[in-house]
Structures are given as C-alpha cells and as structure tokens.
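Structure, as structure tokens:
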Amino acid sequence: MSEDVMTRPHPTDATASATTPREPVVLVFTCNWCSYRAADLAGTARIKYPPNVRLVRLMCSGRIDPSFVLKAFASGADGVLMTGCWPADCHYRVQNVKALRRFELLRRVLEQLGIEPERFQRFYASAAEGPQLAAAFSRMIEDVRPLGPLDWGRLPDLAPDHEALTNPSELDADSAAEAEADLMSLEAVGS
Amino acid sequence: MTPNEPADSPRVGVYVCHCGTNIAGTVDVAAVRDWAMERLGPHGVVVSRDYPFMCSSLGQELIEDDIRELGLNRVVVAACSPHMHEKTFRGACERAGLNPYLCELVSIREQVSWVHTDKVAATAKAEALLAGGVLRVREQVPLEPMRVPINEATLVVGGGIAGITAALEIADAGFPVHLVEREPSIGGHMAQFDKTFPTLDCAACILTPKMVTAGSHPNITLHTWSEVTDVAGYVGNFTVKVLHRPRYLDTDLCTGCGICQEKCPAKVVDPVFEAGIGYRKAIYRPFPQAVPKFPVLDPDNCIYFERGTCRACEKLCPTGAIRLDQQPEEVTLQVGNIVLATGFEAFDARRVEAYGYGRLANVFTSLEFERMSNASGPTGGQIVLRDGVTEPKTVAIVHCVGSRDRNYNKYCSAICCMQSMKFAHLVREHTDATVYEFYIDIRAPGKAFDEFYQRVQDEGTIFIRGRVAEVTDVLRMPDEAAEDGRLIVQVEDTLAGLQRRIPVDMVVLSVGLEPQADAHEVARRFGITCSSEGWVIERHPKLDPVATMTEGVFAAGCALGPRDIPASVASGAAAAARILGRIQQRELALEPIRAVIDAERCSGCRICNDLCPFSAITFDAVQAVTEVNPALCQGCGVCIAACPAGAIAGTGFSDAQILGQIEGILMFSGAADVGARTASPEPKAPEAVPA
Amino acid sequence: MTANGKYRFAMYWAASCGGCDISVINLHEAILDLAERFDIVFWPAVMDAKYADVEAMPDGSIDLTLFSGGIRNTENAELARLLRRKSAILVAFGSCATEGCIPGLANLTSTGDLLDRVYAGPSMDNPDNVRPTARTTMPEGELHLPALEPLLRTLDQVVEVDYRMPGCPPETERIAEVLGLLTAALDGKAPMPVRGSVVGAGHSTVCDECQRDRGVKRITAFGRLHELPPLDPGLCLLEQSVPCNGPATRDGCGAKCPLAGAPCIGCYGPADGVVDFGARLLSAFASVVDASEPAEIDRILDGLPDPVGQFYRFSLAGSLLRGGRAARTSRSPAAAPAATPAREMATHGVTR
Amino acid sequence: MPSAVRTPGQGAALDRRFVDEIRATTVGETRLETCIQCGTCGGSCPSAADMDHTPRMLFAMARAGLRDGVLRSNTPWMCVSCYFCSVRCPQEIHIPDVMYAIKSIATREGIAPESIGADFSRTFVSNIHHYGRSYEVGLVARHYLRHYALRLPGMAPMGIGMVTKGRMGFIPHKIRGIAGLRAILARAGELEAAAQGRKAPA
Amino acid sequence: MSSYLYYPGCSLSGSARAYAESLAAILAPLGVELREIDDWNCCGATEYLTLSPLGGYALIGRNLALAESQRNGTSTLVAPCSACYANLAKTDRFVRESQTLREQLNGALAADGLQYTPGSITVRHLLEVLIEDVGLDELQRHVTRPLHGLRVAPYLGCLVSRPDYDRRWAQHEQPHALDRLMAALGAEVVDYPLRTSCCGGHMTQISPDTGFEMIRRLVDAADRREADLLVTVCPMCQMNIDAYQSEMNHHFRTDYHVPILFFTQLIGLAFGLEPKVLGIGTEIVSAHRALGRIGIAVPPPAEVEVEVPAGQAAPAAREARAKRPKGLPMPRLDEDER
C-alpha cells in the first residue's frame, strides 16, 4: 500500500483524459431505487458495458431538471440517457411520470436546437434489470457513435470571419490580447 | 451555479479504495490518487490517498486522522456503491467531528472495475467520476438527519406460516399487530399439507396451535377475507386501508356451529383449499381447524344470489347471524412497519402440454396430492385414481414441472425434490404401489434432507434420472401396458442412455412455486421492487435478506422466493426482530433529503401544488406562498425541478451539487477538452479594470 | 467626476433595437435630473461622438455606462471592451445586453444563412449577389467592415459587468429608481448594490405581481389566444390554457401583460439563481401537463408549436446552450448552403 | 445399443473447439453449451430407438470433444425434424438446427455414416440443381434403384397407385431462373466455406 | 376479396395434386385469392440444410426475395405445405435475428441481383389463414353438406405448430385449431392425441423401418379410436400415411386401413362440391368406404378393400369416452386459442 501524501496542488491544464476523444461520452441520470440499483446489479453480475457511460444518481427521475441535461450537453456530453423505474413502479408512486412529461417537451426543444433525438433517450429499468440496463447503455453508445461528437463546448469554426476580427487598423496590442481571451470565452459555453 | 466558492473554502480529502483486487485489478488506483492531487488540487483537494480496504478500521482511521490533522472539511471516498458503504464512511467522518453529510462516496467498483475490462478506459472513468464527486461535495452543506416517531403497530400481510410467525414474535414482545389474510382463514399452504419433509411430522399438529394462538392473541387483530387496498405515508407512520370483504354473517353472533354449511344445498368444487379435488358448500369454512372459526358465503355460487331464493342458511342459523345484505367495509390502520408475507402460487401444470394435466384424468398436481394424502382431505387420506376408488399400482412422480425451464420459470423451486420424495414415502405408506421418481438432479442440501433421500431409496422407490418428455395414454402396442387406460411415461433414462416408456396408473406432477399473480401490483402498492418474475427484491441478498428497498417494509417467506417451511419461519422471525429493534428506538433518523421553499422567492404560482403524492405541499392563501411539510416530504425532488422561480431548494441533492457533479464528470473526459476549460473555476472573461 | 461636479455618463447600443434608449428618454422631465447630475460624454442615440474620443478618455473615467444590445459582430465586441476599460460602473442594460433578447434568436441560424437571408432573400434585389466582406479594396484605398461573429453573445459573456438590468425594454420607472440609487451610491449616501447583482427588478417572478386568481395547475391543452374561448379576466392565464411565461419571469414590470390579458412572454428574464430560463419554464409547464401516456402528453404538447420560441424568446444567447447547432457550425457565407441538415454538421468543423 | 464408450474416435485426441465449430456452422443460435443433460430431447424423440446415441449424449460427446465420434454417429441422420425436442428443451437449444450442422460437417468431410441418408439428400439436392424444383419421379426412381431394389415389389401397389392416380408427374418442371439460382447456391457455398474457414479449428 | 401471395411447393403439382385441386375449388366461394409467386423454387425440405445450412437458407431466401419483389398490396405469403411453411418462416425469423445470416444470405442472393428485407414478408400456413382470416363462422356459412357422422381424426403433423420460433401458436403439441375447423364442418371429431406427432418425414426413404414404425403408430392410434379417416394439412404427412400404408402393413404383417385426406378436401365436401373436383379418389388408401358412410359417393377404390375386422376398437378409447358417475373432479381446461 502506498502512503505518500502530496500537499502541493499542481496547475490544471486542459488536456483530455485517457479515453479516446472520438468515442462518445454518455451521461446517464439514474433514480436511487430502480435504475441505480440495476446498475449496481450489473456490476455485481460483472456484466460489461462501454466505459464512457457515466452515471449521476438522483433520488428519483422526477428530480431531473432539464437544466441538468442542457448542462451535460454544454459540458461536452455526446448523449444523455434518462433512466428510472417502470411507469407504475415509481418509489415515489407517480413521480417518474413527471420525468416522462419533461422528457417529451425537452426532446422537442433539443430537436429544434439541432440535437439529434438519438442523443437524448430514456429507458426504464427495475432494480432487477441489470442486464437490460447494461444492454441499454451499449445500445445508446451504438446509437450515438455514428452521429460523431457533439462537441457543444467547441469553438465554432471562425476561420473566414476570424481574420476580419484581427484587423490591425482597428486593434491595438492589448485589445488583440483581449480578442484572444474573447475567443476563449466564446468557447466557454455554459459556465 | 458551479463552483463559485462555497461558504467555507473547501479542503477536500480523496481516498481511493483497492477493494483488494476488485477495484485495483482493473483501475490503476495509484494513478487515480496522483491524478486527483494534480488535477483536482485547484478544486480544493488537499490530500489524496489509496488503501487496500478503505472500509477496514485502519482505512477509516486514515480518514479520521486526516480530518483532524489536515483540517479536512470535505471527504470523497472512491470505492463501492453508496448503497454498500455510505453509512460506514459517514460514520468515520462523524467520529472525527465532521458532519457526516460532507462525505461523498464515488462508486468505482460497481460502476467501473466490475463492468469494464480496458484498464486505461476504466482508470480514466474512475478519475472522471471522482472529479464529479469532488465538485459535488464542494457544494454540499452540513445537514442534520430528520427524526420521526415510530408507530408501535405493525401490519403483517399474509397469514401463512411466515406471516403468523412474524405476527406472534411481535405480539409476544408486547406490540400491536394487524394480520391481514386474503382467504377466510389464516394458515396458508401449510394448512393444506398432511406431512412435512424431512421429519414427516404432521403439518396440522404443528401449525394449528400457532394459528389458534394468533387468533386469540390480545395484541393481534385478524383481518381475514380482507385485502390491503392502499398504503400511504412512510416508515414509522404508514396509513393503510384494508378492505373487509363481506362474509355475509355477523361474526359477533356466529358461534361457528357449522349448521349453515351443513344445510347449504349448493355444493361446488373447492379450487383453493382442496386444490380442486374436493367439494365445499356455497357457505363454508375452508377446513375444520380454520381460524377464525366463522364461515364465509361465496355469492358466486350461492343459490340465493343467483336466483333470489333459498336463504336456507339464514332460516336455519340458530343465532340468526346470517346477513345476506352485508356490504364490504374499509378500515384505516396506522402502522409503523409492514411485513409482506404474501407467499406463492403453485405453477399451473396445464401449461406443460406434454404432461397432459387436465387432459389425462390420472395426472395430478402436487397440491392435489397433498390434499389426497391428507387424512382430513377429500379422500380421507386414501391415494386413489381420479375415479375415487381405484388404488394405483404404479405411481410416477415428475420433478421440475415448470421449474428450471426457460419456457416457464428459469429458477429452481427449491422444495420440489424433497416434496416429491415425501410423496414417494406417503404413497408407499398408504399403498403398496411401485413408485418412480423422475428427476434431473436431486437437490437435498438441507438438514437431514439427504438422509431422507436415502430412506426413500431404501423404501424401494425407483429413481430414474431423466426429465419426463411426455405422459400419454396412446399405447404403441396393445400389450404395452398390462391393462388399457394406463398411462405411459416416456422418458430418456439418461444414465442408461436409452428412451423408455414406463406404464403407470398415476402421475404426480411436482409443480414449481410462482409468485402470486398480483405480485407486481402488490409491490407497487407497497412501494417496493420485485424481480421480473415477481419475487420481492431484498435490500441486500446476503446482508439484508428480509428488508426491502423501502424503509419500514420487510418481507418474509415465499414472497421473497421459493423456500421451505423452516426457512419461511426463520425469515418471518427475522423480519419481526428487525421491526422490534426499530420499535425499541421509538424514533427513527431519516435521510435529510428534503425540499425547502424560499418564501421570499416563491411567487405563489402554484405550479408545484399538485405534484406531491405525499401531500407535503400546501398553499398558504393568505401569504400567497407555497409551503413544504418536511415531515411528509420524501425528498423525490419533483417540485424542485418544477419550480419556475427556482424558489425550491433540495437538501442533499441541490442544483449546485448536481450541476457540479455533471461538470466534474465531463470536465476531463475525452469528449469535452473544452469542457475542461469550461469547468476550471478561474473566470474566463478578461478581468475588468477595477472601478 | 467632471470639473463642474457632474458624473460622466455614457450609453451605447450594440445589437439592439434602440428601444432601451427610448425607454430612458421616456423619463420625460426626470431626464432633466439626469442632466443635472451627469455629463453625457458618449451616447450615439442622442448625440454625435467618435470612438476615437472615447479611446482618448482615461481608463475608468466614465462613472456610469448603460450598455444595451448584444454582441453580434467585431465592432460590438470591440466597443464592449473599450467601454469596459473606460467605465467605473458598466451596466448590462436591457434584455439584449443581459441575455440576448430577440437578436439572440439568430443563434438558431448560421451566419451564412443569415447573410443569405438578407442579401439573397425575397425582399432583396441583388443581381450580382454582392456580399459584405471584412476588407474591400477601392481605388481610394482599403475599406473595413465589422465581421459577423458566429454567435450573438450577451455582454457578460464578453466582459465582466457590474450590474444587470433586465427588461425589453426596462420599465422607465425602474430606470429612474436605478439612476437614483446609483447617483446616491456615487454620492456615498447609499451603499453600492452588490457587484454583479440585478438592479431595477424584483427577486421573485411575475406571478408575484399578477392579480389574477390562481388554483392548482392541471393543463389539458395549450392554445393561442385566438384559438381559445373568451378568457376569464380574473383567472390565471396558464390555467386557461394560455402559455404564460409569468411563473418563470422575474418580476419588476408590474405584470402589465397578464393583467392586460396578454400572456407574459418573459422579457424580464429568469429569477434569481436560475441557471437557464427556458429549462426552468419548460420543466414547470411539463410538470403540470395532465397526462401520463406518451401519446396523450404529445397531444397536449402539440399546443406549443414553437418550443424554443416559447421558452427562449429572450434568453437564448444567455442560456446554457447559447443557441442552435446551425450557428455553432457557422461557415463563411459563400460556403454555407441554404440549409444544412444537422446530421452532416455532427461531423463538421471538428479540427482544432 | 452402443454407448459413448464404444464410439469410434474415442481414442483420438479430443477436439475442444468442436462445440465452437458446430456453433459456427449452425444458423441461428445453438446454446449447446447450456445443455443440462436432462434427456428431454431423447425422451421426446420419435426415432430415438434407432439412434446409436440419444441427442443429449451426442451433445455431451461434442462438448467432450469427441469430434469423430459425433460425426460418425447416425443420430443426426435419424432426426426427423419434428421439433418436439426443441419446443420442450428447458434450455431452448435449437436441437434440429444443430443436427443439420453436424450432418453438413460430416458430409463435407465424407464421413457421413448413414450413406443412404446423405445420398438421399444429395439426390434431392442434385434435382434442385437441375430443375430448381423437386422431381419426385426422378428422385424416387433413382433413389430406390440405388438402395431399395428389394423393396420395389412390396411397393408395387403404391407405385402403380401413384401413377394411375396421376400423382407422379413424369416431366420435371424447370424454373426459368435456374441459372440465377445456381449462381446463388454457388455464392452461398463460397460464403459458407469462408465463414467456417475462419472459424474452423486450427 | 382478400388476396395473398402463394407458395404452393413442389408436391402440390405432384403427389399432393388433390390438395392443390381441392384448395382451388374452395377458394372461390370463400372469396380468397392466392397469387402464386412467379418462378419460385423448391424450399429444399430438410435435405439442403443437411448438406449446407447456408445453401439451404439461400435456397429458401430466393423465394422470400421473389415474394418481396412481387408483393403488391399484400405482404402475407401463404404456404399450404407444412415443410415449406416451416422453412420459409424459420428463414425469415433467422435473418431477422442474425446480422451475420442477413449479410451472408443477401450476399448469396446478390449473385442473382436479388435481396430480401427481413420481416418484409409474413409467412403463414394455409390453415392459419383459413381459421384466422376467413374464420370458422364464414366457413360454416358455406357448409351445405355437413359431415355429420363422419369420425375424423385431425392430424396436424409437426411443422405447423413447431418450431414456431415466432411463438404464434398457443399450443405447440395439442393445438385444437383443426379440431374446431372439422367440428365447424359438422364432422365428429375424434380426440387424437397424436395430432402433432411425426409421420417420419423422409425416413421412408432413408430408414424404412423407422419410417414404417412411425406411420404405424399414427395409423394404429386413429384405428383404436375408431376414426373413419385422418385429415391432414401437410402433403408429406399425407404421402407417408397414404402411400406407404400398404408397405407398412406388409412390413408389420398388419392390415390397417385408415384413409387420410387433406382438410381442404373435407371442406370442399362440406361445401357440397363434387368429390371429383376435390381430387378425392386419388388417395391410395381409399376413402370410399368412409365417405360412403355419410352418403358421399366417390369413385371405386383402385385396390382391393381390406375388411377391417369389426370390434377391433381400442377399449382404451371406449373407456376414455365412458362417463364416470362419482370420483374426483377434473381440472378445467380453458378453451385454447388456436
């Protein structure tokens, strides 16, 4: 066992972690009672699914605030999967129905914003349906992969306009620097 | 939103568990440890360690020491599922004087090492989840658990042996119990049996006393011929509605003399207690030892209800107890805990066409045989063919009917092997018939089970290893069976490796156990989860086998899955013990996960008013603001997500925590190299010139 | 402060309609009080001025700048930075500056399509398909035009702002209050509002000011006013199937629209601490849809033909996603086809 | 009846990959590895009496790697494809499909035990290759003269009946697309070889 | 006029001519149109699969591909031959569930510029169509000569209700569809537990002893239950039981005489059609005597009638039908769907 303690923080840098950047990342919202336990079950049963599926545990799918989904996309998720108990099996009786209603409306908004329906899906799993849930994870990845990365955080391709931005006669030195920072901020979506 | 410095600037300690090789085998824990230090330093991580078993006392001390010595005010443990060890590590924090809710558990076992194989990807995911945990815990605030009083009364659903045991245990400890049974009498399936394996003691002899005690116990209220129609509230304070179906008689007047039953002209097949091979009257007491002693009238078969005439029972009842106009009545009970002991249903043998049950007269099910072999059963304990007189000369007992079969139920019903061998013994006991047992595997792992197997072999029962392919009355040769009309059991004797056609008089199908037909409905009503088949799911299959996912609701007996009498009794007693423990505490600490409304910001739009199934949300018309009753709030968070003014906050799962977690999970992930920059706390826009 | 003891005041319009300026002018005689206390050093809407003059001013020398309009092109961005440098107090003034407002809806469209719409649209006679370019060389020399940026940004997405004042436009009486407050603060007679906070508006939502009676909400249909039976003047519009944004919209306007029988369209933006106006509102609406079957839910939601327009009319640029896919993949007008299917875009412009 | 012990090939080295080979050759899923040896198949089989191994035993042999023994067994050739076993199998093993696979491997390797069975199939198939339809007269005639010359007398009434009652067409019907059909079958052959070539045991 | 794609299969133009003729005869009154797939090929029975599974599926696949390209209006393909039905249905099922097979199959079909879209064709057996789509009521409406007094043993054979990978049949072993159809025609339906037992298929060709024994079981059971005749929906079954019955008798030294007809033939008779147009008389084991008993005159038998000694009926059967006054109640059997 290793005991060394490092107490000096290192500077953050923006390089990506070890996962292949091109492999889609899917954020999954789970409810505490059914789908999260199904995920635990998938674990206990050692059922394999793609590693870039990442879970966020809430008490109920009814807690899912559309902002969470938007936040996920804004922060770089390529897909978002809403999971919860089967309609009649909600631990809170009927709250997953509210989640369903929000899903239906949010889906319309996302489509209007140009986000493919495959990127935003929902799935029901009872606490016993670990294998089914794991399968749903794999399916979701398969659905999203062909669409390529969503990269919402990425800077829109400025190439043609960008050179106009750096028009020497209009910009002095430090405002050029600002212009750079400015571009950064443009990338800083959703913060 | 995230992560503008929380009130106290966070000092986070990160602890990565190897869980032996469970995690370390797939995740490079050392790398995760160092990564957390480097990348999450700016987010408040001041110490990062790994340890083979964080949950061990040494591992916990590690955390406690750091809290004291490094002044940690947040702790993140990357280990197993929070459902496994959240309590453990919260305990550690508490011991070190840190509010337990400032501890976050990140599951890198169930969600990473156990479900992935690629080490690099798994490690990266572990890091991402860890980042999520850190950014989430930063936004967490100290919380105090909610304390609620516990109602001392307990509801036990199901009056079989498991339910009766649970009821008696609790009642004997001096607390009130409501025992609800769907049938007219308690006793369940065990009351139908003659003998019990492997000891062969008489079921009635050991069950009846318990039934009587339960029936007369001052602390037990029986609700037979009744069903639970609604469950509201939460652990410690459930409100339960029970529907009493009309017995069509006044139990205060009825002496249980049985004259009505005697005189009733309507004789019908009894599909329940007599398993379809015996008869009862339209007004009947299912069996002599029934508890309570009162009969019930079954309107579907009552001549009066069909034609409006007869009323024999009414005329002849010495105490005038018959009430043909009786209506169902609903009672409301207040209980603190619930035991579900709803039992099982026998597999419907008709579904296996090849065995001809229902088509071939002399094919019987195990339940039919139980009744037949029972001294108080329709044949007075005689083993006879369907004709009611002929004694069989050869009997075939077929194992695994509807069990261990992907066409019906995948699982092993656990009791059939022993039950079948009990039958073999009973046949030998009552007749001198030759008995065949057709089995796939003999499963006799219980105490004195295998000895019983030996015994039955000694008694001359012939065991043939082979799953019966079909039972038929079509003879291939006129002389195939000694007499016509006898049945042929066609099977491969797998040990001899040849197909055999064995003529027998009687076939007994040892049918499997299935969950009650309405298991899913019941689970829904009680807010618990059950498997796709319908068996109740335990909170933990090994460590918490009688608790359910829902606080205050326990399960016992075959509701949890097929099991024999001793196991049912044990689980009933276990559930009772768990409940008694809670009752003793008088009050109960609940997770402080609640919704809180900021009256300042509530505009009284009333969007949320209709969203709470626990009626925790009320509207104050005077102030024109909405309020949440923390005692009723279950913390689902629906109203929080619904409030258009953002005026409802959620403790334990606040927007800030969740948004932080999302950001953390994605900030370093491959898909969001930009996300990383997004997430770093330093502001991106150029600093404005100070005014 | 100037020699004559007045504070220096500036107001600028970036991508905006000028409504904000008019709302200030609407102060009527109160504007004289403004002139009493402030020297107007730069206000293109009411007086001539050169950027060069502003650049000439010492940094931080303008005491108060009301900045209206969103950042749509390089000139807007440039002026935002310039005024940030020169001003002690910079107020994001009005819906455009605070959350993008109507111009922000252009974030649903690529710059290419935007220019096509204007320079090749039905109302344009442009046979040579002339397009604006950043540089144009003329015999007299080279001309420069500000270039469109792919997304319209809110002021605080470009520079740090001191205060935000919502409204399209901000209500005149609120303006008067704010000017009064800030003058008092500058005089030292009152504390400065917390930096970064919202001024000239309340902390709750429009329903707080709306006098209509409200009951629990169970929505069985959404409809537009002309599609609905005559409304009960005393009852909550939402309960009468009118998609009213009041529940999610910051109060401060006096609930004028709903009280006049028109649904609130949300110009005052989100309430305190709300991350995303549209998300909140759609969540609220969806939560009270009175159906549990997908088909039935869909039927009811069909009553909202333009969800983004409904939920993000004013706040798209300021929202979490800032706009639509098309704008994110903007390309030079020439390269941009009339409409590019989203699918294709997923694989576009990923190098960098 | 002979038991696995006397199976020829027993002595030969066990082929652990045989089950995989069968899986690769079977269309649809085999689930062979899930067999619990319950004997439902052998019990249900109408022709089990004439098999030298019951299906269950054949599967056990396959799993044990007795490749030769399995391929030489007459069991698959005795399968009448009545599917009783497949609907009753508690493990949902597609037994008849597995039997086809074993037969095809056996014929491919020329060690089909029951030459009559393989031969009938070949005759039948060659009909198809010629005409695209089954040509009963040709089939029966050729097949019987080959194998059942002695049976012919006993069959006279039947033969006569069939003919006199016009139930035997003497002119084979050839489909128009015969060339195309042959092309398809040829291609299928290639693909199958390719597939198995990849999966075949090293 | 409901219309279907039609795959007759080889035997209907040969040994099962009677099936084809009787079918043609009853279609018109029922208002059903069968559109034969142009240039279909043999389904390979079980033989092709034996030599080359993939080849077999390609062979069958060609027919599905043709059907797909020729479907206008209807996508339901009707097969009167159980073996063809099972093969076609199974192939469609497998290409639906197996990506690999889908690619291989279409790869092979491509050799002749064909391709099949899994699921684009629904394969159904003639029996299913007559019972489900036309309906017993409609059939009954056309009955002018009820088969009263004719004791019929309904023999479905294996390949209609099995393998049934698509789970279309509620019962795989004892379906009562044919029973109910026969009852609708007024026939007296014999309880025939071997209704889906195997006729031996090609065993008569490759292992006669096996084949004969399987035929004997079927014939014997029908005989013991005093059936006048067997009725079937499968050419192979008809062929085996009819054509090989004499050889079987010869083999076992027995003298069974159980005629077997196609269900379409009995439907035709009940509709009052002439035996001749229904191909009655083409059977080797003559139904002359059986039909005579209900007053239907058919052409004289081609071979010498063998007298069946009376009273050879199985006591088993008689006892089974006997009512018992007292005894334990029997479990109730719910009316099965098919």
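Per-chain residue numbering starts at 1, and chain names A, B, C, D and E are given in the order in which the chains are listed.
The rule we apply is simple: a residue touches a chain if its C-beta (ideal position, glycine included) is under 8 Å from a C-beta of that chain, and two chains touch if they have at least 3 such contacts.
Just so it is clear, the structure is predicted and the values come from calculations on it, not from any experiment.
S.K.: Chains in contact with subunit A and with subunit B: which ones?
M.R.: C
S.K.: So which chains count as neighbours of both subunit B and subunit E?
M.R.: D
S.K.: Following contacts chain by chain, what is the lowest number of steps it takes to reach subunit E starting at subunit A?
M.R.: Each step joins two touching chains, and the minimum needed here is 2.
S.K.: Looking at CA centres, what chain is most distant from subunit B?
M.R.: C
S.K.: Determine, using the mean of C-alpha atoms as each chain's centre, which chain is farthest from subunit A.
M.R.: Here the answer is chain E, farthest from subunit A.
S.K.: Looking at chain pairs B-D and B-C, which one is connected by more C-beta pairs in contact?
M.R.: Contact tally favours B-C.
S.K.: Taking the mean of the C-alpha atoms as each chain's centre, how many Å separate subunit B from subunit C?
M.R.: Here the centre of subunit C sits 55 Å away from the centre of subunit B.
S.K.: At what distance in angstrom does the C-alpha mean of subunit D lie from that of subunit A?
M.R.: Computed value for the inter-centroid distance: 53 Å.
S.K.: Measuring from the mean C-alpha position of subunit D to the mean C-alpha position of subunit E, what distance in angstrom results?
M.R.: That gives a centre separation of 23 Å.
S.K.: Rounded to the nearest whole Å, what is the centre-to-centre distance of subunit A and subunit C, using the mean of the C-alpha atoms as each centre?
M.R.: Comparing mean C-alpha positions, subunit C is 28 Å from subunit A.
S.K.: Would you pick out the residues of subunit A that each touch at least 2 other chains?
M.R.: Subunit A, residues with two or more chain partners: 65-67, 71, 74, 94, 98, 102, 149-151, 154-155, 178, 182, 185, 189-190.
S.K.: Two or more other chains touching the same residue: where does that happen in subunit E?
M.R.: 172-173, 217
S.K.: What parts of subunit B, by residue number, touch at least two of the other chains?
M.R.: Within subunit B, the residues that touch at least two other chains are 354, 470, 611, 638, 641-642, 655, 659, 685-686.
S.K.: Identify every two-chain combination in which the chains touch.
M.R.: Final set of chain pairs in contact is A-B, A-C, B-C, B-D, B-E, D-E.
S.K.: Quick check: in the complex, which residue numbers of subunit A touch subunit C?
M.R.: 65-67, 69-71, 73-74, 87, 94, 97-98, 100-102, 104-106, 108-109, 112-116, 147-152, 154-161, 163-165, 167, 169-171, 175, 178-179, 182, 185-186, 189-190
S.K.: Taking the touch rule as given, give the residues of subunit D at its contact with subunit E in the complex, in rising order.
M.R.: 25-28, 46-47, 49-50, 77-78, 80-84, 86-87, 94, 96-97, 100-101, 103-104, 107, 114, 116-118, 120-122, 124-125, 127-128, 132-134, 136, 143, 148, 151, 154-155, 157-158, 160-162, 164-169, 173, 175-177, 180-181, 183-189, 191-192, 195
S.K.: Contact residues on subunit C for subunit A in the complex?
M.R.: Contact set of subunit C toward subunit A: 74, 77-78, 81-82, 108, 111, 133-135, 144-151, 153, 157-158, 275-276, 278-280, 282-283, 285-287, 289, 291-292, 294, 297-298, 301, 304, 306-308, 311, 319-333, 335, 342-343, 345-350, 352.
S.K.: So in the complex, the part of subunit B that touches subunit C is made up of which residues?
M.R.: Those in contact with subunit C are residues 1, 600-611, 619, 638, 641-647, 655, 659, 683, 685-691.
S.K.: Give the list of subunit E residues in touch with subunit D in this complex.
M.R.: 10-11, 13-18, 39-42, 44-59, 61-62, 90, 93-94, 97-98, 100-101, 104-105, 107-114, 158-159, 162-165, 172-173, 197-198, 200-203, 205-210, 213-214, 217, 243-244, 246-247, 250-251, 281-284, 302-303
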